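A short worksheet on the structure shown next.
By written order: A, B, C, D and E. Residues from 1 in each chain.
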Amino acid sequence: MTFRLEAAVVQRGFDVSLQVGPAETVAVMGPNGAGKSTLLNVIAGLLHPDSGTAELDGRTLFDLAAGRGTWTAPHRRGTAFLAQEPLLFPHLNVLDNVAFGPRSSGASKHAAKESALRWLADVEATDLQSRRPAELSGGQAQRVAVARALAADPGLLLLDEPMAALDIHAAPLLRRLLKRVLAGRRAIIITHDVLDALMLADRVVILENGRISEEGPTREVLQRPRSRFAAGLAGLNFLPGQITEHGLQAGGLSLYGQHHDLPGPLPTGQPGVAVFPPSAVSVFLSEAHGSPRNAFPVTITDLEPHGDQIRVRAGESGQLSADITPAAAADLVLAPGMRVYFVIKAGAVAISPS
Amino acid sequence: MTFRLEAAVVQRGFDVSLQVGPAETVAVMGPNGAGKSTLLNVIAGLLHPDSGTAELDGRTLFDLAAGRGTWTAPHRRGTAFLAQEPLLFPHLNVLDNVAFGPRSSGASKHAAKESALRWLADVEATDLQSRRPAELSGGQAQRVAVARALAADPGLLLLDEPMAALDIHAAPLLRRLLKRVLAGRRAIIITHDVLDALMLADRVVILENGRISEEGPTREVLQRPRSRFAAGLAGLNFLPGQITEHGLQAGGLSLYGQHHDLPGPLPTGQPGVAVFPPSAVSVFLSEAHGSPRNAFPVTITDLEPHGDQIRVRAGESGQLSADITPAAAADLVLAPGMRVYFVIKAGAVAISPS
Amino acid sequence: GQGGSAGQGGTGDGGASSAAGTVTVFAAASLKTAFTDMAGKFEAANPGTDVTLSFAGSSDLVTQITQGAPADVFASADTRNMDKLTGEGLVGEPWNFATNTLTIVVPPGTPAGITGFRDLARSGVKVVACASQVPCGAATKAIEQETGTTLNPVSEESSVTDVLGKVTSGEADAGLVYVTDAKSAGAKVEEIPFPEAAKAVNTYPIAAVRNARNKPAADAFVRFVLSTEGQAALAAAGFGKP
Amino acid sequence: MTARKAATYTGIPAWIYAVAAAGALLVVLPMVAMVAKVNWANFIPLVTSESSLTALGLSLRTSAASTVLCIVLGVPLALVLARGSFPGQRVLRSLVLLPLVLPPVVGGIALLYTFGRQGLLGRTLEVAGLQIAFSTTAVVLAQTFVALPFLVVSLEGALRIAGPKYEAVAATLGASPSTVLRRVTLPLVLPGLASGAVLSFARSLGEFGATLTFAGSLQGVTRTLPLEIYLQRETDADAAVALSLVLVAVAVAVVALAYRS
Amino acid sequence: MTARKAATYTGIPAWIYAVAAAGALLVVLPMVAMVAKVNWANFIPLVTSESSLTALGLSLRTSAASTVLCIVLGVPLALVLARGSFPGQRVLRSLVLLPLVLPPVVGGIALLYTFGRQGLLGRTLEVAGLQIAFSTTAVVLAQTFVALPFLVVSLEGALRIAGPKYEAVAATLGASPSTVLRRVTLPLVLPGLASGAVLSFARSLGEFGATLTFAGSLQGVTRTLPLEIYLQRETDADAAVALSLVLVAVAVAVVALAYRS
């Protein structure tokens, strides 16, 4: 009783193999165009891969191995889709929207409405039942869309950035609902938010250029990223290099750091990565000696707002960043092109083998 | 030689009075629907206010006082508009787009192209001159749009979130260009970014519900916000209350803090505000006594991603917030509804009179 | 009533006038073959003239002339339409220049076995005729009354052409059209003449328009139609003597 | 500068209004002229004569039937054109639009060559016991032929605007293609379908040339209102104008209804 | 689920293709039947006879002229309908669309009542020395009357899709409304304008009923190709079919051109 997929879409350079356990939720993360939506569309049957097989709880979704050609139509797959937009049918009221799935799978009108009412109660939207979708807020509509997807009793729930279009007030409420809903359920959720991955998923899969580049339990991947993308997700600076006695030699840069979470020091001379948060990086206009042991000159390439901090990017392609307050940025009159010192406490730099 | 506006749009509850000096850049900030775009549209002549007057360098833009009814058409105002989308004319190449303004004001074909080439050189886009807008990246297009607006030689430049649609790489480049361009020029810029206000504007105007609620030099408003909105902009916690000897009494909450920037302590008993950054707030599961002097129990209302931090909102309507790392949030297994302690060093709390 | 006959107008000489320039002739659609032929001969006989022909249903032409159409000559397929214009004083004295009688046309091979008018009333025979509002329909009605036969047409068309079209396409078993139409349709139809047709003879009048731009040429053309040469052309197209 | 706000700037040069007025007059004046010509004293008797009422009734009945046929054939065509992707799609659209630009008389001839007794399908139909020519069926066919493009064009536009997103979601919820069509697609494009249907009805109501050529003209069977008007002109121009006005009134009502929203 | 990706799911039930094919056949079969009926041996001489060529030439000239007139009058109308906001806008749209659904013969009568000698403007025009009815001008007017809605509908749709944003920006850059129209609005909606113009041209080319009633049928002056076809039917149905085929060919070419993009 598992979900198993192997699929390739040649034109998009997409080639992914994935399994999801019975009550597991997998978060799919990756840059734009990495193939995240392609993955969901292939699973849902909205896109025809060039080759591969997929099965869900023993049923074959497709099997395109040479010689065979099994293809289950989208409506027979039991893979309900929840997109960024709620896409509630605008001509049906909330109750009929939620009853759509049960009706389509042959339930009587009465039974479908009963089921819809149960699911509406479950997402705490019973009082919306006779409204039209146009009369709902974005958050309410997405809440109803969740109920509608669940009412279809899917074997696998597919969520494509379900909170991306919600405003800052509606997103946390839906996140809380999804946390509850996904707990005992098999699901794949595409997200750009680390918080979503942490709160909702058991496992994270990083998709890059149509292929899985890293996967593992969510917290592990985020705490100990092995790839630049995962480090970026976790909002961490990431430097690859060679492990030294006290830290890492990355190009011309010698970093002091702490060998991470291992019994005993790491073997020197091996390839490794140094990871540290931008918030641990201070910016100085001159080389002031102090307690932090890492201090090196850099050229500012960019300044950009980041939350309510200012992210100062530096290094050849902006690969190093420091987060400072807007007031500090204004005080130092920082500007791109300026030569400044990045200062980092050795205790904030984690070194691991790569 | 100044810009002076007084205008009301009754239906939108809009009523604003504003002056901008010859080389001044004013940032307009405020919540969605506050009337920021209405302001620019009224100035540009795209929207007809119900009453008011406006003049620019001695010319009347409109004068709708009773009995009179002067109205200068948009194309005679000299108030070039730069919107969120570049809106380059898709059927003209880059050079012809930039030459559009000079051509429209009667310059010969040759003179208009000369002028366009100068402005393209100024925004470092000379090599794009014969491209079609469709062949430009978002950042390049907005850069050309800047040149086009400047080539029209506007007496007042209107910018409506010019960087909002740009991606994380293009925005800093455009910000740098605007910093240079706006330096000696009269402009009004709508923005949601504190960094923009700090880097580009001399003065900030906070618009709320169609009216100006706060204004002043940018840094001053952000460092010492007097209104909840400005505090929110600066990303700061904001508590109004009564000044005490050691800090502020806000409802049942007694805060230790530093009396701000004044010679001598503040007069106790007077109304005042306490302001402190979310990054200065730590979250504990139990009441642990330590060096910080402010520690009080709160109930978590929301968790939301904020940059690469997690913002933990607490208090009756989420008015208090703490920023912590995703890993910390996951470690503490924080969830809405949980009862936790917010802990703040007294040194991070600034008290000022309100 | 009509003011003249062919005998009065026919001088036997169509060309002895000082006619020159363009003459615009509005003629009933059924005159197309005859008048196209005649126009060439008139131009040959009167060097410097140029005949422009406009064909349409007679009532259309009446409407157009009433509304100021630039006609010099009007040739109608019936006297009723000519009367409308004479009544309004828009044309000069009309002359009857031809007659036409109905005939039966059937698709080649007479699949329905039609031999005479009475056969048209047989059940199962798909007959197409003209509506009584138009001249050919009025003639059909007259013959029906005369013979005591009642037809049950499957369609009552507003023009002979539409009747003929239904027969040439094989859609109808038989149609009642003018002799001239049967002639112009050639081998596409078989004509079955019937004696009762003589009971309803349709008379064609012609007149110069009163405000003709080219009055001399208009008069000359009217005379030419009534001349022996003109009458020969009409006879060739199947028209009878007025 | 949101769309809502900028909408208050129209930027139409003043002279454009003058030219637009001239354009409107080209259409409006003829209607005024026609109304002016009506013999109002005789209007009611003329319009309510037996032949007029029969023709109006036949017109309404056949137009309703051809509208139904347009929907039955046009909805699939619009779906296939808007959603499908197959070779020859562009040629098919071009062909479906043909009756829009074809002189109706030519259309009638072509229909005769197809469904007539000696036409392409004539013998097949005759064997099947179907006789189309000179029947009310022929009128409906002729009207459907000329009116179909109106429905297809309106609906294809609506389908393209609606996009396929809702259909995809419905499918993942377990709805079969037929269920999706019935419960999602059609309800979504209902306004486009309605205005297309109303335009088809109006075009059917006005159809003349193809009907005359293909179906003939027999009172109560094939003589629709436009054919009756044509015939009335032979004897009584007043009656023709009065009947035309009835047709214009129905057409205006029907077009206004179509563009109500 | 972006539009690009979901587009691969069409969700058309299989039976829809069957019905769509039936719908397509209703239009395609008559064309096939017509081609089958052509007497190819005589085709060239029939089509290249003097009267045919004159009629074709006249048709092309008048259709070109009426297309120009449609653009001149229709662009302002579409602008005013799409961008303006004034009382009676809906009524105006309904009126402009009227010729789309009006039987052309009724349209011709209405035009005659307007521009004819005894018409609404007849005396005024006569005093001015203008005689419109039964001249080539009348042909152009009749064609413009029936073709105008095609241009207005196409262009209004294009204008609504383009939106007023670019115009507003152009105005703030100092462009007067006329400059905005010439340098921004028209270039932006050029594809819509082009397809509207081509449809208008095609409709003008096929116009018959209004022309016959309003302009008459004078060779070289008002007898366009559809009128020539009508007249040829009187004597030679073969010739009529051959000429119809020429018209169909021109119409197909023109519609395919319009929907090229």
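Methods note: a contact is a pair of C-beta atoms (placed from the backbone, for glycine too) under 8 Å apart; a residue touches a chain by one contact, two chains touch by 3 or more.
Values in this document were obtained by computation on a predicted structure and should not be read as measured data.
Engineer: By the touch criterion stated at the start, how many steps lie between chain B and chain E on the shortest route?
Structural biologist: Minimum step count, chain B to chain E: 1.
Engineer: Taking each chain's centre as the mean of its C-alpha atoms, give the chain farthest from chain B.
Structural biologist: With centres defined by C-alpha atoms, farthest from chain B sits C.
Engineer: Averaging only over C-alpha atoms, locate the centres of chain A and chain C and give their separation in whole Å.
Structural biologist: Computed from C-alpha means, the inter-chain centre distance equals 87 Å.
Engineer: Whole-Å distance, chain A centre to chain B centre, using C-alpha means?
Structural biologist: 30
Engineer: Based only on mean CA positions, could you tell me how far chain C sits from chain E in angstrom?
Structural biologist: 35
Engineer: Taking each chain's centre as its mean C-alpha position, how far apart are chain D and chain E in Å?
Structural biologist: It comes to 16 Å between the two C-alpha centres.
Engineer: Would you pick out the residues of chain D that each touch at least 2 other chains?
Structural biologist: Only 1, 6, 9, 113, 165, 168, 170-171, 176-177, 180, 230, 233 qualify.
Engineer: Would you mind listing the residues of chain C that make contact with two or more other chains?
Structural biologist: 60, 63, 165, 169
Engineer: Which chain A residues sit where two or more other chains touch them?
Structural biologist: In chain A, 45-46, 74, 81, 83 touch at least two other chains.
Engineer: Mind pulling up the chain A residues that touch chain B in the complex?
Structural biologist: Answer in residue numbers: 168, 171-172, 175-176, 179, 193-196, 198-199, 219, 222-223, 234-236, 277-279, 301-311, 313, 323, 325-327, 329-330, 335-336.
Engineer: Under the stated contact criterion, what part of chain C meets chain E in this complex?
Structural biologist: It comes out as residues 24, 26, 29-30, 32-33, 52-56, 60, 63-64, 66-70, 161, 164-165, 168-169, 181, 184-185, 188.
Engineer: Which residues of chain A touch chain D in their complex?
Structural biologist: 44-46, 73-81, 83, 85, 87, 89-92, 100-101, 103-105, 148-149, 152, 154, 158
Engineer: Tell me, which parts of chain D touch chain A in their complex?
Structural biologist: Residues 165-166, 168-177, 179-180, 183-184, 187-188, 190.
Engineer: Once bound in the complex, which stretches of chain D touch chain C?
Structural biologist: Chain D reaches chain C through residues 112-113, 116-118, 133-134, 212-213, 215-219, 222-223, 227, 230-235, 237.
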